[in-house]
Each structure stands twice: as structure tokens, then as C-alpha cells.
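Here subunit A shows up in two complexes: once beside subunit B, once beside subunit C.
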Partner chain A sequence: MSRLVAELPAPTGTQPAGTGRRRWSRQERLAYTILLPALGTVFVIVTIPFVLAIWQSITADDGSLVGLRNYTRALSNPLFYDALRATGLYALIVLPTEILLGLGFALLVHRAVKRAGLRATLYVLAVLPLVVPPVAVGVVARLIYAPGYGVLNYVLQSVGITHSEIQWLSDPLLAMGSVASVDIWQWTPFVYLVLFAGLQTVPKESVEAAQVDGATWWTQFRYIELYYLRPLFLLILFFRMADVLRVFDHVFILTGGGPGTATQLLSLYIYRVEFRFFDGGQAAALAVLVLVAISILYSLVTRALPLERA
Partner chain B sequence: MQAPTLPSPRGGGKRLAIALRLILIVAGLGMAAFLYAFPLYWLIATSLKSKPELYQSITLFPRHPTLEPYFSVLVDRGFWVLLRNSVIVCAATVLVTLAVGLVITYPITRLSVPPRLRVGVLNWALSLRFLPPVAVVVPYFAIVRTLQIYNQPIALIGIYSLFNLPFAIWMLKGFLAEIPLELEEAALVDGANRWTSFRRVLLPLAAPGLMAAATIVFTFAWSEFLFALILTATPQSQTFPVGVQGLVTQFEIIWNDMAASGVIAMSVPLVLMVVARKYLVAGLTFGVIREK
Partner chain C sequence: MQRISRREFVKRTAVTGAAFTSFPALLAACGESTGANKVSKLVVAAVQGNEDGPLKKVVGNYKSQTGIEVQIVEFPYDSLFSKLVTTFQANDSSYDLCMMDDPWMPKFGTMGALQPLDSNFGFTRDSDIPTVVYDVGTWPPPHGPVPPTEQSKAKHLYGITIVGNVEMFMYRSDKSSAPNSWDDVLKNAAKYNAANFYGYVIRGKATNPVSSDSLPILWSFGGNVFDDSWKVQLDSADSITAVDFLTRKLKQYAEPGAANFDAAERSQAMATGKAYQSTVWPGEITGIVEDPSVSQVKGKVAYIPIPQGPSGKGLGMMGNWLLGIPKGSKNGPAAADFIKWMLKADNMRNYVAQGGIPIRKSILNDASLAAANPYFKALAASFDAGPNWRPRTDQWGAVETSYGTAMNAAVAGQLTPQAAMQQAASQIRATMKGAGYPS
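== the complex of A and B ==
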């Protein structure tokens, strides 16, 4: 929690120790005059919901304190563990597939496509899925997987691969696959773009030297390129993991969390507890748990991210 | 496409190996191209079908392409109102986000502040990026109802601005830092005050960056669905994605209307991205990957 909301440096304690400067310069004074009201406002707006979430999680609907009862109810609800399992499975399908596919394409284009025009075209093509609203992607997925009118079954049947309708959205495992395929379609290009850009930073000299020494494409990747890509893998993994916790739209459209709870990811579960079961206390407890988890994850990883903070 | 520049295998069968590799690569790329393009094609194809065609067996090409579904969605179902709401909400979000973003990034990039403050602000903004919306949905819902702005665009504008602020701060920081300090200092020496030099010198120079940030914030706000679903109840304030969702979950799905709504929803960001494509990846990765 603290990492997410309390990163704001104390405004008065920021003077470098030991410089002996007593007074702020005019510029610094101007900076604080502009900065503090804006940051303060945003800080308050961001913080109120956290405080409110914590408050909601320890009170009943009538406002009486109930201690940690909401938490014990949240943690003893088997649906919570179904949601955790679904989220974990989703991540396990989506992250490795996207990273391997994206890496494969990045290496392939990096080595096989030299023409600048073609590279630029591929760049645009890769950018497009990233901005398609997840709701629209969900619509596409319904057109493909839906029972009755789904085009996938039609194609499979006319090619003769299957004779009966495959229940893409009502078999638990297939439904998870269908939902994950949407994510893979939309986000593999992101991995490709990041890794391809990373490959462009590999110095040509070291690659050429390795090739003169007879390096195969694998050794060239393993011992040279991978070294430059490593921080980017961390970035991708962290950004995508945070995104898995946010996934809501396309799952909501495609399966609504079903069949049963097979695709009810954590975000859909919290939504359901709040707006279908109308159990605000338990939903708030879940929200606080998720916030704590993501804060821990964030504080573990953030220092290692290759970001330009200065 | 040229042949892959891989070290040529030694010994016999060299040609065969290269040919085989090329075939594999082309087959893989063809497969990828199909998986990439077919969903989009199918969405557009379905959106161009007439109602009678829906009740025949599935056709891979629309027999009699028609724009009727678009008309049906926008006019008959009244979705143009949702479209208008989306535009209003997104435009307002862009204005608020950029204004607040500038107020926060100007001091930390253009004025001499302790590095710790700069890093602190940037880290804090970054941490907000990883806030899962669903975790704050519960308290926001309560706040919005208390403030009596439930089912009003202002609630969405506020929340979208907040969630886009991290992107805006990091993008603007990148753009502002690239403009030489000397330009502003020259204006100050010439007797301009800070506000004038900001308005007359910095803003024009930062305009391309501001446009890029605006486009990306607009796109993100355009796609947002969860908060719009929760905080709006009537077409008077619903945004377009909520309408699309309504077409998907209704009892009898009208496939061509649904597809048309999907095409409309994705067309706006796609058009915008043709303009701002260079900056999208920089925005998404907080500047780690810069445009070339």
C-alpha cells in the first residue's frame, strides 16, 4: 500500500543534506508553488479511495465496525480461490505465449527483413491491435467463437476437421483458451515492438565479430542479443502481469466469467461480489488485498525496471 | 523479403537447407498474417451483411454489402448519442489530463529542483499506472454516489483523467526535457516573465509532443469500459463501449449490428493512431522504447 500512495517525497525535507543552503532559490520556490497544489490535489484524490476502501472493508453496510470479518469471509469464500486459479491459469497461458511469439517475430524480422519500408509497415501493423478497444476485440471474439453463428466452427466443419460443433465458450478449458487467445492476439504485437526495438540497440560490431567467428543464429542470440534484451523482458513481464490483474472488458463480453467460474478472473470476481452479490464489505476487503499484493509486487520489481527516471 | 542473413551451413545440401528454412519462415509468417488479419476482416465482413443474409448459413463474403447495420446502430438504436458522449468525455479528459500533466511536469523539467523531488514525482506517477481499476471501483462507486454525480459524464472525466495522468506525466516529461533550457532563458533575459515564456516559447515548441500525448490519452479514454459500465445507467451519459456491450449481451444477438458497433468503436482509435503511431510505444513503455 505504502508504495502506491506514499511515494510523495516530503516537500520540506528535500534539501540536499550538508550543502549548507538555508534558503530555496527563486526557481525552487516557484517550482513548489506550482507543484504543491497540483500534486496535493491529485494525492488527495488518489488517497481518499484507498482510505475509503480500508474503511469499507472493516465496516458493515450500516457503518458499524466489524473488524476483520469481511476479510475472513473473503478469504474463506471458495469463489475467491477459483478466481485466483483462473487468473493464474490465464497468466500462465498468456504470458509465455506472448513472449515467445513476440520474441520469435522480433528475431525473424530483425534478421530477415532489411528493407526499411517493410519494417515501417510491420511497425504500423503491430501498433494497430494495441489501440483497438478491448470491447471491440471481445465482439470479434464472439463472432468467431459463439455457438451457432461462430465462424470458427463453420470453417472447421467445412474443412472437415470436425463434424460436431465445438463448444468453445461452454467447455471450461476451451473457454479459458478462447479468452486467452484474445489477449494473445492483442498483446503479442506489444512484446514484438518492445523486443524488436531492443534488438536495434545491439551493437553491429559484436554481432559481426561473432559471425566471423562462426556463431550460429542460436549462439548469436544466446550470448549477444539476449544480453541486451534482458531488461526488456523484465519490463514486459511486469507490465503484462499488472495488465492481467486489470483484464476485464473482453472476458466480460466473451464469457462473462463462465462457464461457471472457469474464466472468472480476479477483476470479474470483485465486480461480481460488488455489483451482483451487493456485498460491498467483502468486495472492499478483496480490493484491499489486491492493492497490497500489487504494491508488494511493484516494490519488488520497480527498481529493476530500465526506466529513465531523471 | 530478402533471404535470411544467417551463417550459411557448411557441407552438402546447403541449397536445400536454405530453401527449407525459407519455406518454414514463409509458412509461419503466412499463418501469423492470417491469424492477425482474419478477425478484423471477419468483423468488417459481418458488419456489411444485410439482415436476411444472417439467417442463411454463414457466408465468408457478404453477398450484398450494405451499410444498413451502421445506420441501424447509429440512428435506429440511437447510438449516435453514445458516440457524442464518448467524444465529450474523451475530449474533456484530454484537456484536464494535459493541463494537470503540464502543471506537474513543468516545474520538474524546466526549473532547478532537487533531483530527489523529480524522481519522487515520476516514481509516484509510475506506481499509479499499476493501480488495478477494479480495486478502486468499490470506493469510487461510493464516492460518486455521495457526490451525486452518478450517471453524469463528469464522474468519468475525473476518473479517466486520474488514470491517464501517469502516461501524460511521463510523456510530457520526455518532450519537455528535450527542449533546450536556453530558449526560455533567452526570452526571460529579453524581459518576458515566466508565464509569457511558457506560453510563447515552450508551448509552441512542445506542441507536437502535446498532440501525441493528447492522441494517446484520447485513445485510452475511448477504450475504457469498466468505469463507464459502473458509473453510468442511461444513454444520456453512457459511452460507446457500454452500448457495444449492450448489443452483445442482449437476448437475441443481431450479429451485423453488433459487428458494426465494433467497427465504429475501433475506427476512431485506429485513425488517431495513424497520426500518433510513433509515440504509442513510447507512451506504453514509459519512454523505455523511443520512436526512431
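== the complex of A and C ==
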């Protein structure tokens, strides 16, 4: 904001003399006026719901203040820890897999694919999973993994790899792997696109100088490209961690959180607390806890991967 | 481009903003002025699927007879429930009618979300419609335990069934005669179980599916979720025996992956000739098992009420879909007229012709309709037997989630029947205590 104002032309109006508080210049007022609708929108759709969520988390259904009771109830519920464990396991599966696969694809295309047309085609193919509604992804995934008629079991048995149905969605570990695979399919392209864009910013001179000095593909990556990708890893981690905490549709369709609570992720759990248990106070407390948790995680990730390149 | 002063800019912005914000109100006002006396459109919040399909097909007739358009706004099952709750909380007038699954009635009744059909619109009981159909739409419930907060309320009719769902039993009648008891079911499961042919199908997916599938067995074995004073009974000996019967004895002859089977998978297994027997909802019968375009077993499957258990009873479960009028609706009388129109025998026959599930005894027992609807007789018998409804508490969503999660774990073999029921009972006791029920 201050930078925007500083770059605007000098004010033409006169400054009142002898006052301790400087009046806003015409340009400043214009800048704030222009910003007002955006700030107002953010206030309405972000700040007000957030404040309401905090208020709901410290009140009972009848509006009376209950202090931190909703928080203690949320934290003392064993189902919360089941959901936390499931979400942690889910994140441990999807985040490293998506980052490694996305990085691998990005490096492969960056180094091996030189034709612009092919690169554009790969770009379009990578965007496709990102624009498919999660509900549709869940329905298709169910057709793949479903017991009885799932395409995957049919294919595996047809080619003789297995002789009986694999219970993709009924075994706790396989169910987690199955729901994670859907996430990996949908979001690896996002990682690929971001990292591929990052690789385009690497100065060719640096790469060519390294190659002249006999750098291998690994040292080229380790000492040059990775340096430019570091802030993007932060971006990816932040976005994907936030997404993992919001995952709902395909898990709901594939397993409904089962077997037992094996795939009942935090978002599904909070949904049930709010819309099945109608415990708005506890659901709001959980939402606030998740927000605090992701803020802490973001802070940790920021420290581990500093944004500055220099 | 003409320059304008800042003052003029602010003025024009304010006028434009005010015009935009008042536009919907102006529109609404116009609507009221032209439509206060004559309603031209009714909006129905409906569940997407087999349940609202026939309704969509008959509303055109209503328009041609009355001139009133009936717009069906569809939502998936879970979305409809949450949508209705938030609509009711806001006392919003978006919907003139809403479709409701019968276990939602306690929540909506407790909220005071619906307009009474009897006192406001003159609905009375029709002897051609089973008593239980009216009872399930009445709040507080006319029998069984009543939530503590609702005991002083006057009973009123708030919903009328338009999908006469009662959970029944289906079996391959080309292979054996009807089972009379769950013991027979187990024997037949063992007898007919073979490679790629399941002796029994469990609808075991977490929460609502496995809850719906197992409650008739639980009741038929003498178990229950609550007793008449809201004491949790899931960890009683009878309840655990019932769960053991389903998740161990029957499961050994059931399909692999039962813990993830929902109604679609069950119907598909039956329709493709891969299964011998299971519980069934009417919607699965009309939609898949008896649909000649997808079924390989049409004419080979028979439908009966839920078999008897050790308790000496075979208790089916109601899953009726009702139509109610939200309190926020401004078109209550017109909405009530539409419900009355749906209940007329001639219109219900037409509704049946479009795949609808009727509630009139005269239609269910009409021999001329039996060939096309082979489950009507069983459905009539199930209504006569007085099917159970899910406990009438506004906490049912929470109870079903706890019970259905534990049952799913038992079906998956993660928990023993006893451990599953103890876990469910413990969670449900905490929920009910928190909601002010006697613990």
C-alpha cells in the first residue's frame, strides 16, 4: 500500500500548516477509495465468518458464553484423534508422492521435451485433472475401486495378476491408499505445472556454464535448479497442506470415512460434527483449531524454506 | 471521456449500488403484487434419485390441471438434509415444499420448521392409507419414546408420505422357497453360497448404509438402540447377538468387500445374478432388480417382509419420504393442495405408472398391478406388520453416525461385535446425555 502511494505523482493540493496530523492527499484518498470494495469484500466473506466462527466456538446453542468448553470437548473426543491420525497419514502419503512425481515430470519435460507443441499438449493434459470437479473424480474413482464391479479388479483378474478381488475400499490400509491415489492423480499436475514454470526461470547462462564445467544432471539440479525452485516448494506445500485439510468429496464417495474411522479425515469429521451431530460449537472449535494448526505449520514451513533467493 | 468530480463519482456509485441492492427486493415486491392471491409456481426441494424421479414425471399433469408450475430443485441425499436445516434456521421462503426422509422428522419437528397439515390445512386420516404412514409424519411421535423437550407439545401432522418405503427382504425364488426366519436365511446362505455367487449380501458401507441394513436384524433379534426411556441398549446381550449374527455368521457367506457395499453395489450384485438374498428397499427393486434393461434376474426374485428373528418378530424399517411445507413458505395453502392432489387415488395410480411407490392399500393390493410391481404385496404386508421407525430423536444423525461407524468396523473385522457395540453405546450415551436425555 505504502509503495503504491509512494509511486503515485506528488500531491498537488496544499498541506495545512501547523497541524500535527498530515491530511491525506488526493492520491491517497483515491487509492484507499479504489481499495475499499476489495477490502470490504474480504471483510464480508472472510473476516466476518471467521469472527462468527470464533464466537460460535465459545458459545452454546442458546448463545450463552461457555468459555473454552467446546474446545475441551473437541480435544477430549477420541474420534478427533482418529481423524487427526487419518489426516496425518493421508498427508504423509500424498504430499511427498505428489512433490516427487511432479518434480520428476517437470524435470523430464524441461530437459527432454523441446518441441513447443508437445509442451503445450502436456500443459493442457496437466490442467485437465485440476478442472474436474472433485465429486466427479470421486464417482469415477468409485467405478475403479468399487467392490463387485470395480474396473481395477476386473483388469487385474483379466490379465492374470490376481485371482480374486482385492478389497481396495474395505481394508483400512488399502482404503487409505485408494483415497490417496485419487488425490495424487488430481494434484500431481498442479505440482508439475508450478515446478515446470519455476524451471523456466532458471537462467540459461548458469546452466550452460555448469555444463561446460562438466556438471552432471544431478549437480545441475542440486546446485542450480533446486535453488530457484525452493520458494515454489513452499508455495506448493502451503497450498497442498491447506487442501489436505479440506479434502472431502472423493473420500465421502469412496469410503464414507470407513472402514471404521480409517479414512475419516478431519474435514469429513468436522462435517459430521456440524451436520450429523449438529454440534455447532464443537465444529466451530475444531475449525478454529485447524486454522491455528495450519498457521503453525505454515510458519514452520516458511522457516524451513525461506522465500528469499538471495 | 468526460471527467467527473469526485463528489459526482461518489454520488453515482451510491445510486448504482442502491439500485443493485434494491433490485431483488423490487422484483420480490412485483411478484407479491401480482401473485399474492394466485400462486403460479411451487418450488419443491427434493432428493435426487429414484425417490423424486416419478414426482418429476407427474408434476406436468398438475400444471395442466391447475395452471400451477411445480419446480423440482434436486439435491443429493446428504446435501438436501443440510440444505433444509440451514433453510429452516433462516426461516427462508425459497421452498414451498420439501421432501424429507422420515428420520429427519424429529429434527425438523423439534426445530418447529414445518407448518402443521392437520390444523392449518385440514388434513385428516384416510382409511385407505396405513396408520403408520400418518404416524411417521406426526410430531411428537404418537408412540414410542418422546424426546424430553417435546413431551409437552401438541401432536400435529407435519408430513405426508409420497414414497412408501419400507425395508423388505429379497431372495432368489427360482432356487428356493421363502425363508421364514433369520435361521432360514443363514441356512440358505450356506446352501447357495458358491464361487462368484454370494449366499448373502451385506450393505455394509459406513454410517447410514450399514445402519439401515442392520437395524431390522437388530430389532428382529430383540435388540434395540434405545429402550422406552431412552436408555441405550446397543450393548445388551440381544443386540450383540444380532450384530454377531450379521457380521460373523452371515458374513462368512457374504460378498468380499462387504464393508464398502452400498445399495448400488447390492442391487448390482442381485441384478447380475451374483447373489442369493439380502434386505432391499423398494427403490432398488424398481430401479435395478426388476428393470429388464439392466437386470438378468427379472422374475426370478421374490420379495417378502423381513423374516422373523428369535424375538418372534420380523420388523422391517420405515424409510418413507414425506412431503412437508416449510414454515417459511408463503404459499402454504397452494402447497397443501398439491399434496392433496398427490394423494388422490387416480393421481397415485398415474404416479405408480411412472415408477412411484404408493401408500394406498387399494393400490398396493390391486391384483392388476402385481405383475408389473412384484413387491407391492410384500410392501402392503410390511405396512400391515407395523414396521419400526428409527428412534424419534433429533439426535438421530449423531446416533446413526456412531452406530454406523462401529457397525462398519465390525463388518470390516476391525472390531468384534461386542467391542463395536460397546464403542457405539458409549459414544451414543455421551451424545444423548449432552442433549439432555436421561442417561
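Keep in mind that, in the parts below, the second predicted complex is superposed on the first by the 261 of 310 C-alpha atoms of A that agree within 3 Å, B and C clash if a C-alpha of one lies under 4 Å from a C-alpha of the other, contacts with A are read in each partner's own complex, and residues count from 1 in each chain.
In the analysis below, a residue touches a chain if its C-beta (ideal position, glycine included) is under 8 Å from a C-beta of that chain, and two chains touch if they have at least 3 such contacts.
Source: prediction; values computed, not measured.
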| item | value |
| --- | --- |
| Partner chain in contact with A:F275 - subunit B first, subunit C second, else both or neither | both |
| Partner chain in contact with A:Q27 - subunit B first, subunit C second, else both or neither | first |
| Touching partner for A:L89 - first (subunit B), second (subunit C), both, neither | neither |
| If touched residues of subunit A are counted for subunit B and for subunit C, the larger one | B |
| Which superposed partner A:Q167 touches (first subunit B, second subunit C, both, neither) | second |
| Which of subunit B and subunit C A:G257 touches, first, second, both or neither | second |
| Touched partner set for A:R111, first subunit B, second subunit C, both or neither | first |
| Contacts of A:L52 with subunit B and subunit C, given as first, second, both or neither | first |
| Touching partner for A:P147 - first (subunit B), second (subunit C), both, neither | second |
| Partner chain in contact with A:D249 - subunit B first, subunit C second, else both or neither | first |
| Interface residues of subunit A shared between complexes with subunit B and subunit C | 146, 149, 252, 256, 275 |
| Contacting residues of subunit C [partner subunit A, same complex] | 78, 81-82, 85, 107, 205-207, 209, 255-261, 265, 268-269, 274, 394-395, 397-398, 400-401, 405-406, 408-409, 411-412, 414-415, 427, 431 |
| Complex interface listing, subunit B residues touching subunit A | 1-7, 25, 28-29, 32, 35-36, 39-40, 42-43, 46, 54, 57-58, 60, 100, 103-104, 106-108, 111-124, 126-143, 158, 162, 165, 194, 219, 222-223, 225-226, 230, 241, 244-245, 248-249, 253, 255, 258-259, 261-263, 265-266, 269-270, 272-274, 277, 280-281, 284-290, 292 |
| Subunit A residues touching subunit C - in the complex, by the definition given at the top | 79, 146-149, 164-165, 167-172, 175, 252, 255-262, 264, 272, 275-279 |
| Subunit B-facing residues of subunit A, complex | 3-5, 7-9, 11, 14-16, 25, 27-28, 30-32, 34-35, 38-39, 42, 45-46, 48-50, 52-53, 56, 105, 108, 111-115, 118, 123-125, 127-144, 146, 149, 151, 154, 185, 190, 193-194, 197-198, 200, 211, 214-217, 232, 235, 239, 242, 245-246, 248-249, 252-253, 256, 266-267, 270-271, 274-275, 280, 283-284, 287-288, 290-291, 294, 298, 302, 305-310 |
